[in-house]
Amino acid sequence: MVESGHDEDTGEKTIVLKPNGSLSRRQAWLLLGICGLLMGLVAGFCAALGAWLVLPFSGLEWILLAFCLHLSIRQSQEREVITITGDLVRVEKGWGSPLQTYKFQRAWVMLDCIQSPIRGHPSRLTLRLHGKEVELGRFLVESERQVLARELKYLLSLG
Amino acid sequence: MKKTLQLLAGFWSVLWGVANAETGSGTGVGWGALNLPAGVTPDSHDIHDLHMTILWICVGIGILVYGILVYSLIHHRKSKGVVPATFHENTKLEIVWTIIPFLILIAMAIPATKVMIKVYDTSASDMTIKVTGYQWKWRYTYLDEGIDFFSSLDAKSNEARQLGSKIDPATVEHYLLNVDKPLVIPANKKIRILLTAADVLHAWWVPEFGWKKDAIPGFITDGWIKVEKPGIYRGQCAELCGRDHGFMPIVVVVKTEDEYKQWVAAEKAKQEVGKVDASKPLTLDELTAKGKEVYASNCAACHGAEGDGVPGVFPAIKGSKVALGPLADHLKLVLHGKAAMPAFKDQLNDVEIAAVVTYQRNGFGNKKGDSIQPADIQAYK
Amino acid sequence: MDDKELHKANARLVWRMVVIALLMFGLGFAIAPYYDAVCNYFGISGRVKEATAEQALKVDESREISLEFVTVVNGQMPLRFRAETGKLKIHPGQYYTVNFYAENTSDKKLVGRAIPSISPAWTSSFLKKAECFCFSEQEFEPHKERKMPVRFVVDPTIQADTKEMTLSYTFFDINEKTQTIKN
Amino acid sequence: MSVATHDDIHAHDHHDHGPAKGFMRWVTTTNHKDIGTLYLITGLIMFFVGGAMALVIRAELFEPGLQYVDPHFFNQMTTLHALIMVFGAVMPAFAGLANWMIPMMIGAPDMALPRMNNWSFWLLPFAFVMLSSTLFMDGGAAAAGWTLYPPLVLQTGNALPFTVFTVHILGMSSIMAAINIIVTVFNMRAPGMTMMKLPLFVWTWVITAFLLIAVMPVFAGAVTMLLTDKYFGTSFFNAAGGGDPVLYQHLFWFFGHPEVYILILPSFGIISSIIPTFSRKPLFGYASMVYATASIGLLSFIVWAHHQYTVGMPLAGELYFTYATMLIAVPTGVKVFNWLATMWKGAMTFETPMLYAIAFVVLFTMGGFTGLMMSISPADLQYHDTYFIVAHFHYVLVPGAVFALFAATYYWLPKWTGHMYDEKLGKLHFWLTTISVNICFFPQHFVGLAGMPRRIPDYAVQFAEFNAMSSVGAFVFGFSQLIFAYVIYKAIKGGEKATSEVWEGAEAHGLEWHLPSPPPYHSWTEAPDQSLISELH
């Protein structure tokens, strides 16, 4: 998803990129809770019959489910924030807080959109300057990347 | 090819029999060959009726559902130039076809409940017979009479059912449904059957009696029968119990009360005779002849009719170290068993053990030449 | 990630997997003594004594229940096992003692355990035992008979239409079991 | 696990590479289509392996007397036939369909956890090699039936621990597949693809996945207890130590009943996709289909003991399970009526997938009727453990689950390969299969009612005719499947090019028909247009 806006205070132009994720944290907890309840009931019932060996299997499985949901949600919480100020383009990548920051001179930076030679394969959108390169929106779907490319081209050319 | 033709002819005769059958009868060709037997106990009649009721309800629903389907397949096809409708919902219709099946189910549940309550009522029985399942035979204990015996597949079926026996099962009377010693019960008496097992799960089932029940080691389960007419009724073990699960039939001989009493008296007398016999010496021929019978119903299942055994699973008797070695070791093995080999101490009497051991030491080309007397067995014990 | 780094990461992963495999293998050996220890600690040993202390109950003379005794010997155990009586008419609330006899017919010492079963199953909670030989290990010397008493009462609150009950004991060979474990 | 985390994310780095070449492509693949293909091929191979075992059984039962195999080997065959067909053929085939179709249907580029997806597939071949190896062990493979009831199963030789570990591995594989599907469907749906817009195939798989994660631990626990009972002296199921062999049956069927729905619910989804396409009409009662599937799933947890009416449960238990089981007929009926209403006033054509779908409706309903009869506990005292039961569950599993798989294969094969399959051969396969399947299983109703117990290697002579007929049917059925394998092979090799829509008007019935045939290696790198999604249903 591509969300663009202005910083109220500084008037900086910002674009936030995020991958598609249809499950929110809260919904994930709800899902885990429901599964936990279901599995707990089942395992508890078996344990009450005397088959307590079911409990560790259920427990392990719930942990695996939680871990997998965590992984998937973490992936969908990846963010890329592109901030464009007077003479600088800043790209911050990370989960929750920025982990990597790249800065480019606005005037000199180059925007590349390379189509994949293989049909149906995703294109790559990069910012480049003096051998420094950063890829943008790898997790976006093709149409979103095209929108981003057009918007960035426009913003950068405003000079 | 000939075999196939025979089978086709047989199949035809079954269908022909069905078409011409007037009444439902439990045995032979007719509806009985295709449907649940009507049975000979009150429970079995109820269960048969219940079965027929549900069957006809299902047939009714089936005609309706398949009728609609066939109509639709014939009339609503693209090749007839039909323009497809666009409807995809109808709440009223959907509610109707949720509620109507529900009502039909209630109508089915009421008689089912009534029958089940009757089947479970084992109270006020006239006598109790304990049935114990063994791998792979049944043991019947008459708790009130003190009669106690094992019942296993008869020798003829047993011989014919061996892998590669070359005996046509069709020539064996009641192939796989005959035993060496059947359960005998009186007619028109409420008999409580108490079930348990001595090794693995078994299930006692005579279709004509209307129910089956599992025999579980360490636990007792029960059921009851009240057979209306004397006769011979056959069934089989119905719960997978190992290698010879398919070869532990049940035969119940139902006698009139008087005949039953005679049988009980004779049975008790026979038990006395068995004890006397033990002291009388027998000839080698007598022993091997008797031994062959005992072998067929007790040993052949594992060790093979010809004493060949099954390599790696059941040892051969032909040329075996035990059968050709010291008598004491041989007797010890037969009396007390070892691993999968059962102990025959309580299952066979001294005469039978003497006979079967003699047979094993002299049959299958094991020309050991000794004849073991019942007295030897007693001495060994 | 360059090749060198990848190589290092792979080597680490291999080591971790080896350690996990060793741990799993070790766990296979450790689980039996561990299980014993846990069971001893929590007192789950399968050797539960099912008897409860005798208490005074109101005897219901007006009702009579026919109690049947059934004995079963599991598998090939060389044991002759019987109850002194096949059937007993009892009044709910009154205590009775019935002796069971078991004879070892072999030359070896036997260790057995008897398991009770009651039919109809729902009546089992009404049959209370003050003394019982069940669930505990019983030793039988060769060719010796042992007398084992059962003292019990049927709770008078049992449903009024109960006319018949069956109490069965099945003896299991414990020797055999300990042997298979050793093998 | 931090390594795995890293790699899962890392996997996305490789989006821009095409598939690797050769054998390693398949070993290391994390692509949902590759893994789906692997699953489907495994399912087909195991279908033939399990089928060969069925033919051993039917050859022995062709006439009375023992002709070919020892009874002990016969029991190993019945046991392995069931285990392989359930866990080796049907479940992997459904997992393969899920892998192929779910991302395409919900507008996602791949499954949520591609690395785990690879692992959950590659556990399977090892599990089956292990299971097959038990046949060559001392004392042979497990021979206590697929239910593995103690105490009988404890008489198994060295094969027992291997069988139990196989079950554990298969369980792990299915659990990982189920979790992957749940996470994918919940977190990877394209914008606008709400839950009530999901195709029914996806819905039925989500419910199946929930059933799987709920009951798999029970089975894993139960078989582990078998192992500790045999080797570590515990007494869970051993009466001698105060345990109860019937407890195992309760545990097994607490898993086993939902398990049989795991085998049939995805079929409902497939049939609900195919019938509307070839009737050229929207599916009737989408919402009630979803609710019916969910209630079948829920009911499956409370009816397990109807597999054990003869163990001597208290009367109240028998009656409760009778009533609860009968209730299942209501939502199942709703499904059948909805399919009928979908066909009603449609403009039907009868390509192979549709033929299979119609045969599914007809024959699965047959299995449903016998199921209803068996739910009545007193009547089941007669039916239990007879060939009537064998006929029933084969009617719901062969013309049920397996026909749905055939239908799905013919339906989506042009999409997968980009080539139309050979319609003539497909129809030949259909008619041979449908006729022979009935010749094989219908007579079993009769022998069962007349008193033939199941799992016996030899039978009394009065059952000879119907058994011979059944065996002939089984052999024709078995060999007809070679046509199926050939049709698939032919379509992969070439043939008439398929359009992206494949079937006339299919675009209205699912997102997958908007992708080209064959679809690109990564499905929806282009997000499906909102308008496409809102047009569905």
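First chain written, first letter: the chains are A, B, C and D, and each begins at residue 1.
Quick note on the criterion: contacts are C-beta pairs under 8 Å (C-beta built on N, C-alpha and C of every residue); 3 or more make two chains touch, one makes a residue touch a chain.
These numbers were taken from a predicted model, which means no experiment stands behind them.
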Exercise. For the chain pairs A-D and C-D, which is connected through the larger number of C-beta pairs in contact?
Worked result: A-D
For this session: Please report how many Å separate the Cα centroid of chain C from that of chain D, as a whole number.
Result: 40
For this session: Calculate how many whole Å lie between the centre of chain A and the centre of chain D, each centre taken as the average of the chain's C-alpha atoms.
Result: 36
Problem set entry | Centre-of-Cα separation between chain D and chain B, whole angstrom | 34
Problem set entry | Residues of chain D engaged with two or more neighbouring chains | 228, 239-240, 243-244, 312
Exercise. Which residues does chain A have that touch at least 2 chains other than itself?
Worked result: none
Seminar exercise, completed: Touching two or more other chains in chain B are residues 199, 217-219, 221-222
For this session: Please list, in label order, each pair of chains that touches.
Result: A-D, B-C, B-D, C-D
Problem set entry | chain D to chain C touching residues, read off their complex | 3, 10, 228, 231-235, 238-243, 312, 314
Problem set entry | Touching residues on chain D, where the partner in the complex is chain A | 1, 5, 8-9, 12, 15-16, 18, 108-109, 112-113, 116, 175-176, 179-180, 182-184, 186-191, 193, 210, 213-218, 220-222, 224-225, 228, 236, 243-244, 247, 250-251, 254, 301, 516, 519-522, 524-527
Seminar exercise, completed: Residue set of chain C touching chain D in the complex reads 1, 9, 12-13, 16, 31-32, 35, 46-48, 74, 113, 115, 120-122, 135, 170, 172-174, 177-178, 181
Exercise. In their shared complex, at which residues does chain A touch chain D?
Worked result: 1, 20-23, 27-28, 31, 35, 38-39, 42-43, 45-46, 49-51, 53-58, 60-61, 64-65, 67-69, 71-73, 75-76, 116, 118-122, 124, 138-139, 141-144
Seminar exercise, completed: Per the touch rule above, chain C residues touching chain B in the complex are 68, 70, 72-76, 78, 80, 86, 105-106, 115, 117-120, 161, 163-164, 166, 168, 170, 172
